[in-house]
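In the two assemblies presented below, chain A is common to both, partnered first by chain B and then by chain C.
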Partner chain A sequence: MLPLRVDDAFTSMAIDEALLKLNAEGKSPNTIRFWRWLPSTVSIGCFQSVEREVDLEVAKRYGVDVVRRITGGGAVFHDHDGELTYSVVCKQGDVPDDVIESYRLICGGLVHGFERLGLQAEFKPVNDVLSNRKKISGSAQTRRWGSVLQHGTILIDPNIRQMFELLKVSPEKISDKFIASVFERVTTVVRELGRKPSFDEVRAAMRTGFERLLGAKLVEGELTSEEFELAAKLKPKYAPNGWLKKR
Partner chain B sequence: MVKAGNYDVPEGLYYGREHEWVKLEGKLARVGVTDYAQSKLGDVVYVELPEVGKQVKQATAPKTKEMELGAVESIKAVSAVYSPLSGAVKETNAALQERPELINTSPYNEGWICVLEPGALEAELKNLMDAKAYVEFLKKLE
Partner chain C sequence: MGYAEFKAPKGVIKVELELTDDAISHVSISGDFFMYPEDALERLEQALVGVKADRESLLAAVQRFYSSTGVQTPMVEPEHWVEAILRAAGE
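Moving on, here comes the complex of A and B:
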């Protein structure tokens, strides 16, 4: 388990890919980390079109970065102040071949973590965690080189209105009524708990949740110099003039 | 057709440990993913085909980029497709760009991924399984 980091999107994506690659090569252990985005960022799925998914003008105006993930799924707004993000890297043989079952397994750590925070939580296939039947966490995966990377959101207190301004939803649609309808499907830790826990508190709860899932203690570590160096090498790929606009 | 549990395993094909199949067609080899693989992946929504002309290597451990025949996205997960043989990509299945679900509905026929020109066929076939051996392999996984 790695320390809580706060990085720009390009660094964070590069760290995740470096951990995946080095885990596959047997040079990095199975790893879990929790981290935040600085500045807030919109990430898009591996094969999505940036033009189609993201309002780049609005992103520029808000100073929000845009990045392409190596994992699947859709466009996601990551709020610097409102989201804790997790990444799990492990050998492919450590999770079921069945993609849904592997989400169920890893999300089990989050479910226990939310419970530790005092929330009701359950896994909802394909890849969501719900609290009171509303989505509070979403995840995505990639399976490469014999290892698996799963990362995803832990919604603490994201700015939902800003999220829809950034994603390509027509401005007329973003009414108070629309935002209210989103809150019927999506919830946050703040809403369920009635207070805003610190990022460290959420991380500690999730740590306990994963320890319960695994029946083992997580060992605190640091990025190794090899991981750090590979991440630095991979970072340009994720930068705005890298592979973001390839589709 | 042989069955392993719920999974179809056609006879006459060769199988790799990463759940790809090989069908020999003269000097060429058609490649796709098996029924087991498509079932575990879930609904495929996008297929990234390998580039025609790409030189690939037969998948062994540890896996590298040279062993990849593109990737598929299913239910928010991007999974690499590994090459069961070394060689050059001669042709890819363009139909998958419009209809990625063919991987699920017809893994052994319309859902083929590419045709390879094998570079070391005779030696490498020894590393693949026939239908009977693949059925045994699947039984151990379930």
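Moving on, here comes the complex of A and C:
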């Protein structure tokens, strides 16, 4: 387990990919880390079109970065002050082959972590964790070179209004759930708990959650120089003039 | 150039399409679905070029893509891609 880091999106995405690649090469152990975004960022799934999903003018106005992930799934607003993010990297052989079952396994650590915080929580396939039947965490996974990277959100107190200004929500998606306002579908730790825990408190709870899942103690570590160096090499790909406009 | 969206059980499939003589001459797919491995999406786009834009031909091509690549798309089925493409072709 790595220390809590606060980085820009391009650094964070590069670190995740470096951990995945080096884990696959047998040079990095299975790793879990919790981290935050600075500045707040919209990340889009690797198959999404940035022009269709994100209002780039609004992002510019707010000083919000935009990054394309190597994982699939949807566009997410990551609020610097309102989200703790996690990443898990492990060998593919350590999780079920079936994609949904592997999400279920890793999200199990989050479920235990939310329970540790005093919340009710459950996994909802494909890739969500719900509290009181509302989404409180969403994850995305990729499998490359024989290893798995799964990263995702832990919604503590995100600015939902800003999120909707930044994201272009497809009319079809809205119509499908036309009754439900976002507050009926999405919740946050603050809303469920009635107070705002510190990032450290949430991280500690999640740590305990993953230890319970694994039946083992997590060992504290630091990013290795090899991981840093590879991340530095990968970072330009994620930067605004990298692959952001690929689709 | 036709464009359409189709909401699968997990993910919205967005298709941009060009037809020449009823067959696909260009197709670009985006959306918030999952596909493993990820680089298979480009192979799907390539596999669709030259295919007639009718349900039967498209389904055969998409099913061939699934069986030849072993791709996994949780809660998105071959029929969903076909539906999205047909909508774009009808635009």
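Throughout what follows, the second predicted complex is superposed on the first by the 235 of 247 C-alpha atoms of A that agree within 3 Å, B and C clash if a C-alpha of one lies under 4 Å from a C-alpha of the other, contacts with A are read in each partner's own complex, and residues count from 1 in each chain.
Everything that follows uses one rule, which is that a residue touches a chain if its C-beta (ideal position, glycine included) is under 8 Å from a C-beta of that chain, and two chains touch if they have at least 3 such contacts.
The shown structure was predicted, so the numbers you read here are calculated from the model rather than taken from an experiment.
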In the superposed model on chain A, is it clash or fit for chain B and chain C?
-> clash
Touching A:Arg52, do we find chain B (first), chain C (second), both, or neither?
-> second
Touched partner set for A:Val99, first chain B, second chain C, both or neither = both
With the two structures laid over each other on chain A, which partner does A:Thr11 touch: chain B (first), chain C (second), both, or neither?
-> neither
When the two structures are overlaid on chain A, which partner does A:Ala75 contact: first (chain B), second (chain C), both, or neither?
-> second
Does chain B (first) or chain C (second) touch A:Gly146, or do both, or does neither?
-> first
Considering only touches as defined above, state whether A:Arg247 meets chain B (first), chain C (second), both or neither.
-> second
Could you say whether A:Gly26 touches chain B, chain C, both of them, or neither, answering first, second, both or neither?
-> first
For A:Val126, select first, second, both or neither according to whether it touches chain B, chain C, the two together, or no partner.
-> both
Clash-bearing segment of chain B, relative to chain C, as chosen among 3-11, 39-47 or 57-65 | 39-47
After superposition on chain A, the chain A residues reached by both chain B and chain C are 45-47, 70, 72-74, 99-100, 126-127, 140-144
Could you pull out which chain A residues touch chain C in their complex?
-> 45-49, 52, 70, 72-75, 99-100, 125-127, 140-144, 170, 172-173, 176, 247
Using the touch definition up top, name the residues of chain B that touch chain A in the complex.
-> 39-42, 45-46, 48, 61-64, 68, 71, 73-80, 141
Chain A residues within the chain B interface of the complex | 24-26, 45-47, 70-74, 96-100, 126-127, 139-146
What does chain C use to touch chain A in their complex?
-> 5-7, 10-12, 14, 28-38, 41, 72, 74-75
